[in-house]
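Per-chain numbering from 1; labels A, B, C and D assigned in written order.
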């Protein structure tokens, strides 16, 4: 294992110190329990958005704390859900009196920890809504299983709901918008290489030369199938097919197309994929009117990509376009 | 080699198509010869900024085309300087009547190709200034050699000079500001892994487990020395030492600190490095008043980092803060 | 030992710190195959944190000890196992509240409360390839043998937990991260079932002293 | 062959397309050791592009042929070698302008003009570990032997180019990308010196037919 770290134990805390040192105008870090909040928060009379998850997916979520997006983020250990005490303290710190929306990716650990945090916050008399993001079409959806994983749509939901919260919407309304984003967003990813969890010290899985993992999870969870590496265009089509066949749409609908890098894939390659993905969307009669290209929800240094598509409506477009000022996503401010 | 590409031959052109598809509001792509220009260009009565270099360093330079930064960028083949005809056509397309500044990284190929392009543009009666960026302290400076390589300061110079050009400065003044930025900027990098040039198909160099290349170049050129992997804090100190001992400064000076990822290093690790680099700068009496953390000048999927420090003055701060709207760097707009 | 006194409970928790320290890589390897390669680190981190609290718990009632363990696990483990083992100890604490020793029947009641909490938090059942495949059979075996006393009942429970954990190998996971794999989850032991078997095994070791 | 006619010049350039196609990996490997692993690809790409222009150049004067080769190299090679080999052919063209055949002396004059252009563009000299370590000794050897005629002079030139290229191995690079390595550049052949030796060797092959 080769990493630019001091020790696996101190990695998350040191990175939080770094984030605060670099972006002190935007975010403030708290330790024991660990969380990041908006430097100018809590924002009075605005619904507070709180998310979190294991570390190793940067810039998600800490990089999205700031005006127009999240009010607080809780980083767990690498690839491990944060704990209820973090979320509870972060929720209290971020609450501006209008309640707290918990944006939770659908992993058993995250769901259970956020459930506990929600109970704790409610016990303090704070209004809480939770939305679970489960957009990964690589996983079969079923009420008999843990369901689909939460991946790329999380980033988009955090941006859109952040815009809505700034616009003054109520907790219920922001939560419902978030549920709608989740209902209209689909994602799927693939890996060319494994990542190495720092405290493990060796790759999570072995992927021989010439093979890829189709439908991989952002924690290196195995996907749908192990298969031969193909051309970028063929692989893009294989990611787009299950997304398009699952997403509710009709010809002429407007979509946001998000081509994400998993960490170790160069931007140059992401643009090759974007080109083909946009072509495929258009061939299905979809209008790609918004997009995002870059490494925003990563899996440490894993090489690979994921594609997220969101069917847009008027409000989603408006709140996507709204100003945002965070370490990792910024426009209009 | 595992890459998300269709073929090494088509990689650059397909990525340009992808960039235009994703950022058509900001950039327009031209083919044969290949270059990107501002979608709203040429901007009348503004000095045009043109840069370029081999591909594989994305988002540099194409990702920096847009209001407040570059007017045009010429991508060469991967790690190979672009050609004079590209620069000539791009310069003509970008010129708004106030002349063209060529921002050239100090590599023999880039310098010679830009020299030829400068001659061609001048022959057309266009005012041209060239500034060569040579900020890499890993390389011994000497009039007897090719001198220092151009690395991270290039990104900062493009932003600052872009702001100055928008502000209406003359070609001479923008060029002189660019020279000053170069004179006050220093960089050094290290690699944990090699990158693989697509048309080569195998890693440029072998770096065994536990070893790093200190002072590596952004094309995978060997650096100062091959050495054992150390802790992030120790390595950060080893990058900062030559920068600080070379940069002209006195205690109390203000600096911009740029911690860059070479492509395959997670953001989490970059923040660990930023934390220590800022600490070291402060210990030398430097005030870190501006910063940038992320993968902005990369070496394909190479794992590693580079640090750039720029001693700031009033104008540089003002133009760094000025609004910018490009695919990869955006604020205030 | 016919009763589990508070000293023994502390000894058990201290032993768990050691056990999960030793089994860290083993559990992580299991999790790497069908999860995200952190179960060993999660358990080791959590019970190491519990171990630091034990000296201060000397002389406290078992309810307080369990509750402290629960809160510590909840705030240090994260992931799925944090809330699950946290809830286990939290509910076990309600049964042990104010007691300085647990009879064989009390231990049965504590296990019952704790394991039911895991069920209600995780909504899994036997056959879903989770820690419950070890815990639920262990509970049944314990209750059946409780008339024979603490140690014999724990022996049966540990046997059942180990068998239950082994039974997860061919299963297709229905809950937790491994369920994303569908059929590819078959052929691997569930890491949480193994860690649950270790938990009971350490209790038996402590009680047998 | 005592003169190099325009057919032979075209044959030479066509042969170079093949040679650099074959030597692509070899030159790239050399460049990987002390540069950026693209010299082979650069030369192959450039001379493959030149080859596509050759049919249309049939019957043109040698100046036009050289100029077309020069412009093609300038716009397809990039890197350091693009402007250097581009300038080489551009200046060689000025000597060959309007000519349909080059005498041994003309070839000497063309080589002289071309190689001087490399010197003035790259500002390197013998011993800097560049293509000039092959080209400058080759030029001197050619001029010394030119009285013996084209092929014998080219034979001497190729020998000198090969020896010159071999001589780059122990050198510490002073120019180009390899100079960033300082002392670590010693112990490797310079890729551009090798590609220059191939260039002259192909000319000899063509002229010997």
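In the analysis below, a residue touches a chain if its C-beta (ideal position, glycine included) is under 8 Å from a C-beta of that chain, and two chains touch if they have at least 3 such contacts.
All values derive from a computational prediction rather than experimental measurement.
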item: Fewest touching-chain hops separating chain A from chain D; value: 2
item: Graph separation of chain B and chain D (steps between touching chains); value: 1
item: Chain at maximum distance from chain C, centres defined as averaged CA atoms; value: D
item: Busiest interface, counted in C-beta pairs; value: A-B
item: Centre distance in Å when chain C and chain D are each reduced to the mean of their C-alpha atoms; value: 75
item: Chain A and chain B, separation of their C-alpha mean positions in angstrom; value: 29
item: Centroid spacing, where centroids are CA-atom means, of chain A and chain C in whole angstrom; value: 32
item: Centre-of-Cα separation between chain C and chain B, whole angstrom; value: 54
item: Contacts with two or more other chains, residues of chain C listed in rising order; value: none
item: Touch-based graph of the chains, sorted into line, ring, star, complete or other; value: line
item: Chain A-facing residues of chain B, complex; value: 1-7, 11-12, 14-19, 21-22, 55-56, 58-59, 63, 192-193, 209-210, 212, 229, 231-233, 235, 259, 263-275, 278, 288, 291, 293, 295, 298, 300-301, 303-305, 325, 327, 330-333
item: Footprint of chain D on chain B - complex, ascending; value: 33, 54, 76-86, 107-109, 112-113, 115-116, 138-140, 144-146, 149, 197, 199-200, 204-205, 217, 219-222
item: Touch list for chain C against partner chain A, complex; value: 28, 32, 34-38, 41-42, 45, 74-84, 121-122, 173-177, 179-182, 184
